[in-house]
């Protein structure tokens, strides 16, 4: 469903993605982890063309993301994204947040969009918040609404960019629960996260990145159960984040 | 055919005009700073009534056009002094008091821009209030204010052209005079635009550079 | 100081009428100038945030020209120079057949001058909206115009509302410069009354009162607008 073929990206002289090659199949949940600055966020932002890359190919359902002739609009309808800082629109109510792209991008009718938004709010457990404004909600609630907003366009793929790292600890699970349910429904997901518990329970594969390189790309089972057969860099990283 | 030779012929007249604009700017900056500081001190030390008086002063001067202020003092200064004083003196008074209102606001915003935590930190470190102001607050406030002071001075330089209405020979008025005398309006005004543009552009670039220096 | 007060003269003909027509011209100049400045300033301000280098340069040059030349000189250029540079027929129409040419010239000068200032304001406002907001809009498939229209601009407008109000106050004050090319707006009328009656305190006092009133009303309008548009914040 998503194919990375020898993807390279540079910020000036900085080589931030080095020859990334991998495949994410339909229905897979791939957790991407690695130290900060390893290029993992940049990698998933390349999938929906929020970040350009200079070299190689990314194919989403066989269609090249880097093809400048095609507008990104169609691609982005099919690839939903959730951000670290939620990025809900503060000037719009919850339901307006979820309806906006449905209205202006998909040209759905107001009633249809609201109907869809209400079903999604129900799904993320925030049915009663449709009239609230983002700033009056907790971080966990905001992130669940951000997930609903992304789902409103009926994407086939969901990208999560550190969805829980801006949250207070007690709110992390409510967001992970929504993501777990989504995975159970068969959504194709790429998740950048440090939540190794989530990775162990939900991921079909774990990708470990360091310095722009994919160092490990293996099944969840292999990643967690056989650390001795992992690279030094991955072991060091795991030791650091699992030790407490 | 455009002909710019009259500018060379009248160079010294134009230069005197430019000098008057710059002098008035300088006086406006110094006088405005003095009045602005005085207003800030009144705010700090005279309690509620002084505060209201300064607020009213600032509000009125910021609400009315500079031309009206110039007219006010052109009319009032001789009346108060009881003898004619000429446009120059009344223009100086007008610019000083007008700029004072703006500078007092800049001073206030600058002092406010230093976070309260800084004062607390200095006091907690055993400094007296005066020491805290002298060594911690003022240097930071000053760094924040300097670029805004200078930007205000550039605006003031442009505003000095308004003394046209009381027939003082600033640069713009001087240009207008020779433009009419030699019948060369297009060239004269094109030249004036260029001079103002280059001076203000260079000054703005200088302020930007200063800002970057302070930011470091 | 020896001065005979006579506030009553302000209510007498013809002076009361002068002040009122002056006020009328001041309001007309300000509003007409604003109607040019706002769309122009918004457009240039958006151009100032463009990713294209030459759009940036061009809009930057526009702003620097209108901000670095004194408004009074700009007014003279619009009044004395521009008609000469227009095609002969249009220039003649401008000078002879257009009703109240001084008024329209002043409106153009005020409008373009203010547009340069508004452009800087809009640029700052647009840049103050966190980058993630545009990214979020992009990620849901909105194009640039949609992201601007529905996500970034509504937030930028809220940020710049207070300085935007003071820009409108500036255009009201700056409209007084129109007197130099012969528009008898409020300041000019008060000056004229002073010339006729030597009662400067009353004449300038009346004009000052009008301007202060305008400023007070604008402040009030801004506070109301800010309240209506304020984003609800957790209590």
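For reference, chains read A, B and C in written order, and residue numbers begin at 1 within each chain.
Methods note: a residue touches a chain if its C-beta (ideal position, glycine included) is under 8 Å from a C-beta of that chain, and two chains touch if they have at least 3 such contacts.
Just so we're clear, the structure is a prediction, and the values are computed from it rather than from any experiment.
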Components of the interchain contact network lacking chain C: A | B
Chain pair whose interface holds the most contacting C-beta pairs: B-C
Per Cα centroids, the chain farthest from chain A: B
Identifier of the chain whose CA centre is least distant from the whole-structure CA centre: C
Between chain B and chain A, distance of the C-alpha-averaged centres to the nearest whole Å: 54
Chain B and chain C: spacing of chain centres that average the CA atoms, whole Å: 21
Distance from chain C to chain A - Cα centre to Cα centre, in angstrom: 47
Chain C residues touching chain A - in the complex, by the definition given at the top: 130, 132-133, 135-143, 146, 150-151, 154-155, 158, 231-235
Interface residues, chain A side, partner chain C - complex: 48, 50, 71-77, 80-81, 83, 85, 87-91, 100-101, 104-105, 133, 135-136, 149-150, 153
Touching residues (chain side chain C, partner chain B) in the complex: 1, 3, 64-65, 67-73, 76-77, 80-81, 84-85, 169, 173-177, 179-180, 187, 190-191, 194, 200-201, 204, 207-208, 211-212, 214-216
Complex contacts: residues of chain B adjacent to chain C: 59-60, 62-68, 71-72, 75-76, 79-80, 82, 158-159, 161-162, 164-165, 172, 176, 185-186, 189-190, 192-193, 196-197, 200-201, 204
